[in-house]
Structures are given as C-alpha cells and as structure tokens.
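Before I ask anything, here is the structure I am working with.
Chain nomenclature is as follows: A, B and C, assigned in order of appearance, with residue numbering initiated at 1 for each chain independently.
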Amino acid sequence: MEFNIHSIVFLIFSVITLGGGLGTVTSRNLIHGAVYLIVSLFGVAGLFILLSAPFLAAIQVLVYIGAIAILIIFAVMLTRSMTRMTEIYNRQWSLSLVVSALLFVLLLVGIILPVWGPGTANAALQPSELVATTVDLGVAFVDGNQFVLPFEVASLLLTAAMIGAIVIARDRD
Amino acid sequence: MQECIDIFNTFAGCLTASGADPGLAQFLSILLGVVLVAMGPLVIVIFLIWVERKYAARVQDRLGPNRVGPFGLLQTFADALKLITKEDITPAGADKLIYNLAPIISVVSVILIWAVVPISPLHIGADLSIGALYFVAVGSIGTLAIMMAGWSSNNKYALLGAFRVVAQLVSYEVPLVFSLLVPVMFAGTMSMQGIVEAQLGMWFIVFSPLAALIFFISTQAETGRAPFDLIEAESELVAGYNIEYSGMKFGLFFAGEFLHVFTNALIFAILFTGGWLGPFVYQVPALGIIYLFAKGSIFYLLSLHLRNTLPRIRIDQLMSFNWKFLVPVSIANLILVAFLWKVIQLIGLLPGPENASDFLAHLPAAIIMLVGNLALTVVVLQMLRNVGRRAVAANAVSTPANAELDDQPYSLPVPH
Amino acid sequence: MPTFDEFAPIGALLILSVVMVALITIISRLFGPYRPSLRKTAPYESGMKPIGPAVRRFPVRFYLIAVLFILFDIEVVFMLPWAVVFRQLGLFALIEMVIFIAILLVGYFYAWRKGALEWE
C-alpha cells in the first residue's frame, strides 16, 4: 500500500474513532463519555467519506451525532447522580471483555477476511467501485427484486420502537 | 482543465494560463474558495447585526444605532471591540473544555453550511452530491453545541434552557426535513446546484407553497426566533443556555444565531425560489450573487418582521403546534405532492429535459400542483377551525361562571 | 477518489473555521482583564447563593421527544434516496412509500392517543 494523502487522512480518522471509543469506555463522567462517543462517531463519518459513501457519512452525522447523542444525553439526565460516578458498578467487565474479543474475531473471520481479505475478488478493488450511489440506493429500496421487504420491515421496526418507548416512559397509565 | 476567460470566474484557468502548474492552480483556487467561505459569513454577520438592530428599532419607533459612523454602521465594530476587551468569566464548577468548545462549535456549524450555498452558476464552496442532506446534518451539530453549553455551565437556568431548546430544535427538525424532501423530489437530486438549475422553468415555491411555508416556519423555529424564541425567554429562564457566557464567547453565540437566520433565508431562496437564477445570469455569473442575496434578504426581512411583531408562545403550544400540526401536515403534503407529480408525469404534462427552461411548458403542471396544494390548505384550515370550535365549546362548558361573564364569543381556550 | 476530492474543501473549511473562531476567543482572553474571584465565578442564580447542584434529574418527556425525533429522522433517511430517484420510478414505488409511511403513522397515532405528544 502506497503512502499518500488518503492514508494520512485514514490514519487521522482512525485515531479519532479509536481514541473517542477509548474515552467513552474509560470516562467516569457519563456526559464526558457521551462527548467522547460523538468524537468517535465523527471519526466514523470521516471513514465513510474515505470509503466513497457520502450519503452514509451525512447520515452518520445527522442520525448518530445529531440525534442518538442527544437521546443519550437526555437519557443520562433521567438517571439519578449518574454524571459523577466514583466506583465501577459493573462487576462483569471481564466477561464483557471476552465477549467483545470474540465478536471482533467473528467479524474479522466471518466478514472482513472472506469478503475483502487477500486472495478474494474484492481485494484489488477501490472502495468507490464497491459502493453504490444514492440513486442505486433509492432504486434498491423500492425494487421488488431487491430490498423492498426489508425496507417495509424497517418501518415496522421503527413503529415497534416508538410504541415500546411510549409504553416504558408512560407506564403509569 | 478550464480555460481562462476572466480572473473572477475562471481563477484556476487563468493561473494556469499565466504559467502556473495546473495542480497548484487548482489547489490555490480551492484554498481561496475555502478562505472566502470561512471569512465571508463573519464579515456579513457584522452587517446583519446592524440591520437587525436598526429594523427592531424602527418597528419599536426608536432610532437604533446612529452614533458610530454613518447611520450607525460602525456600531457593530465598536461592540465587537468592546466584547474583545471584556473579562471572560468561566463559572466555578464549569466543565472548562466543553464550556469553551460550545460557542466555537455553534458558530462553526453555521459557517459549514455556507460550503454548499451556490452563489452563482460557477461559484460554490463544494457542490456535494448530498448537499441538501449536508445542510440538515451540519445544522444538527448546532443543537449539540447548545446542549454542551447548557450542561457545562453548572447553572440551573442554563441547563433547563438548553433542555427546552434542544427539545424544540429536534422537534422542528422533523417538519423541516419533510418539507426539504419536496424540492429534492422535484429536482431529482440533493446537490444544491442541481436544485437551483432544476428551477430554471418554474420556482418550486409555485409547485408547493405549503412545503415552502412549512420550511420557513421550521427554520424560524430552528433559529429560535419569535414566536418561537423560548431559547432566550428572558422572563422565565433569564437568558437560557448561554446565561453564564460573557465577553466574546457570548458574542459568538449571538453572532452564530444572527448568521443562522440569514443562512436559512439563503437556503430557503435556493430551495424554493431559484437561488441565483435571474435574467442574464449565465452571461454574467456575478449577477447570481446579487439575485441570491436579494431573494435571501427578502426572506430575512420577513423573518425579522415576524420576530419583532409576534409575541412568544408557550412551550406546550410550541410542542403541540409542531407534533400535532406541522408534522402531519408536512407528511400529508409530501404524499399529495408525490401523488400529483406522478399523475402529471403519467398523463405527460411534466416537461422533460429538452424544455427545462421553458416557463410555459411548466405552467400546466404548476397549476395542477398549486390547486392541489391550495385544496390541502383549505382542508387543513377547516380541520383546524373545527378543533378550535370544539376547544372553545369545551372551555365554555367547563367554566360556566366565566362563560356568562364573558361577552366575547371567541375567547381563547385557557389550559388547566 | 472523487468523494474524497469532493469533501476535501469541507475538511479544510472545518479546520480553518475552527482555528479562526478559536483565535477570536483567544484574542479576547489576551486583551480582556482576567481577575476571577469567588463571587464573580459563582453560578448566577438571581443574585442568591446557588442552592444544591445544578445538574439534576429531568422529566421523561424530554426522552420521549428525542425518541420520536429519532424515529422520524430515520424515516426521512429512508425517504431521501427514494425522493432522489422518484422521477424514474413507477407508481408502484409511490405506493410502497405510502405503505412505509402508513406503518409509521400507526405508531404516531398511538403516541398521540397515549398523550405522548402532550407537554404537560
């Protein structure tokens, strides 16, 4: 792999993503954790641009930074004195470490190596040749041969989430 | 590589023609664009503050700034100088990093929008293929800045104000995006330049005035202008999320808000009234800047006038108005517009690319869309009237003693 | 990479504007006085001594509004690519989108009936 401006930018965004992720899990203050998470998500948006997926990058900013982060902060403020934690409540961190490591290996062995690994058909391709445009996406959503069923099911999922949130938040009536 | 016609429109081409390396010329032209896009808004905002103060003064029968410079034009420079030399107080217990970052993010989120504002057929910071989505995405970062400011100030009013504001901003983003879908659908692209060029034959405001109205109301709420100015509800929250900020940091929030209003007016002009389109704009691209700013200024002044003449609404009214009125109406409008558009396309009245600039070819389609929009408006107003009557009736039943005393038949319903 | 070149000016603009705005605040810090005192840095609470911590629990309705917002936001995300290609699609695509919206509207009217849209 040659060393060019793309590699430098990739390095910067990777550091932002990983550093933000590290800050999220190590921060004792939940709001600080949320801010680190935003930094990390911003890095992911940059990686999407490097992958020639500007639509996903904008969605990353709109939905994750603009909406999910707000939701997390609202959720933190619902809780009692969770903003200044002094001790670790989670006693299962060793177990979760094992689970995350297994998940990482699974992703690597199950998806990344067979699809993009050395010796596969996609290894030599540029990201821009793999990623479809917004137009392709729009056609795929409503094309009977492609993703129309998952598309409608997504709406069902959103409705279920909405009803679930209302049931949890307003359980007194 | 473009050739050199004149230095204003083909900067990179002229640099190459005068002997520079093409790559370097391209780089310099982009760099110049970036610097201009970053500096331009900050220069414009100085003028905007003067306009805003002068307009508010005239509405309230005052003179406004009139001492520093001709017509008080230099007043804002004096104010900026004053703000710079003011003490910058960080409250005790504040989260220093987040506290200092918040005003910066607030202003930068507005400046970033200017990157996709096409000011002429040739000039745009970056004609992104997802321009319209970029506008919404970057705008949502501003919400985050308010949240950060409110939380990090270690102040009850600031936090309460920030929570209210964020609830307001995220709520009004929903109708904003739904009405944004309408021009995207008409143009068939999210690129800002593409949306402007698609209006060559007919402005989108004619196709769907309802979407334009909803977009305008939503942007008014997004910038926290009256009647949606709960952001700075002086009487309840003292000043809201930026109460602890002083000196230039307060000035940045202030400037960011003013700039946001004007930026939204420009975006409205681009999405619905053809942006830089106007007579002879393709012969003299510089005219596009004048057209765009003239159109934007009209909507900016409309926004100013609303701000200075309307009272503030309550937060429950604000939320009901959004979730029970704007959101369903914007969804209904979107479905109606999509349906009519398809019908027009199927019966063959939709002008194709060969007569994209032909006004008359767009006329039948525009009339059908306009009538459809007006019909929906009438239906919505009728439903609104019924709801209002029922509320008045319910109010009269629940408070019979007051109803007898009340001579006015249309007293406003009082919530309990 | 075309997307990268398309976004490179945005990245430059982001860096430049952050630096510029940060400079403004730094200049203000350099030129202004800086003499913090206990009274001056106390959080403003209408002139009284602040009572209790500033960060306290907030009602659940804020959370509900945020959830509603996210769901509609995601819906719009699905609709944007559809809107871009709407001109090339047939009537079938319109019906599919109406079904998509209708399913979500079921949840919306449930929220309305349950009073989740009220701000009491």
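Note that a contact is a pair of C-beta atoms (placed from the backbone, for glycine too) under 8 Å apart; a residue touches a chain by one contact, two chains touch by 3 or more.
Everything numeric in this text was worked out from a predicted model, so none of it was measured.
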Among the chains, which is located farthest from subunit B on the basis of C-alpha centroids? A
Contact-richer chain pair (by C-beta pairs counted) among B-C and A-B: B-C
Between subunit B and subunit C, tell me the centre distance in angstrom, where each centre is the average of that chain's C-alpha atoms. 15
Measuring centre to centre with CA averages, how many angstrom lie between subunit A and subunit B? 29
Out of subunit B, which residues touch more than one other chain, so two or more? 128-129, 133, 151, 163, 166, 170, 173, 190
Can you list every residue of subunit C that touches 2 or more other chains, as numbers and ranges? 6-7, 55, 58, 62, 66, 68-69, 73, 80, 83-86, 88, 97, 101, 108
Multi-partner residues of subunit A (each touching 2 or more other chains): 54-55, 59, 62, 66-67, 70, 74, 77, 134
Touch list for subunit B against partner subunit C, complex: 30-31, 33-35, 37-39, 42, 83-93, 100, 103-104, 107-108, 111-112, 115, 125-129, 133, 151, 153-159, 163, 166-167, 170-171, 173-174, 177-178, 181, 184-185, 188-190, 238, 243-244, 247-249, 252, 315-316, 318-320, 323-324, 327-328, 331, 335, 338-339, 341-342, 345-346
Residues of subunit B defined as touching subunit A within the complex: 95, 98, 128-130, 133-134, 136-138, 140-141, 143-144, 147-148, 151, 163, 166, 170, 173, 190
In the complex, go through subunit A and note every residue touching subunit B. 31-32, 35, 38, 54-55, 58-59, 61-62, 65-67, 69-70, 73-74, 77, 133-134
Interfacial residue positions of subunit C with respect to subunit A in the complex: 1-4, 6-7, 11, 55, 57-58, 60-64, 66-71, 73-75, 77-78, 80-86, 88-89, 92-93, 96-97, 99-101, 103-104, 106-108, 110-111, 114-116
Residue positions on subunit A within touch of subunit C in the complex are 6, 9, 49-50, 52-55, 57, 59, 62-63, 66-68, 70-71, 74-75, 77-80, 83, 126-128, 134-135, 137-139, 141-142, 144, 148, 151-152, 154-156, 158-163, 165-166, 169-170, 173
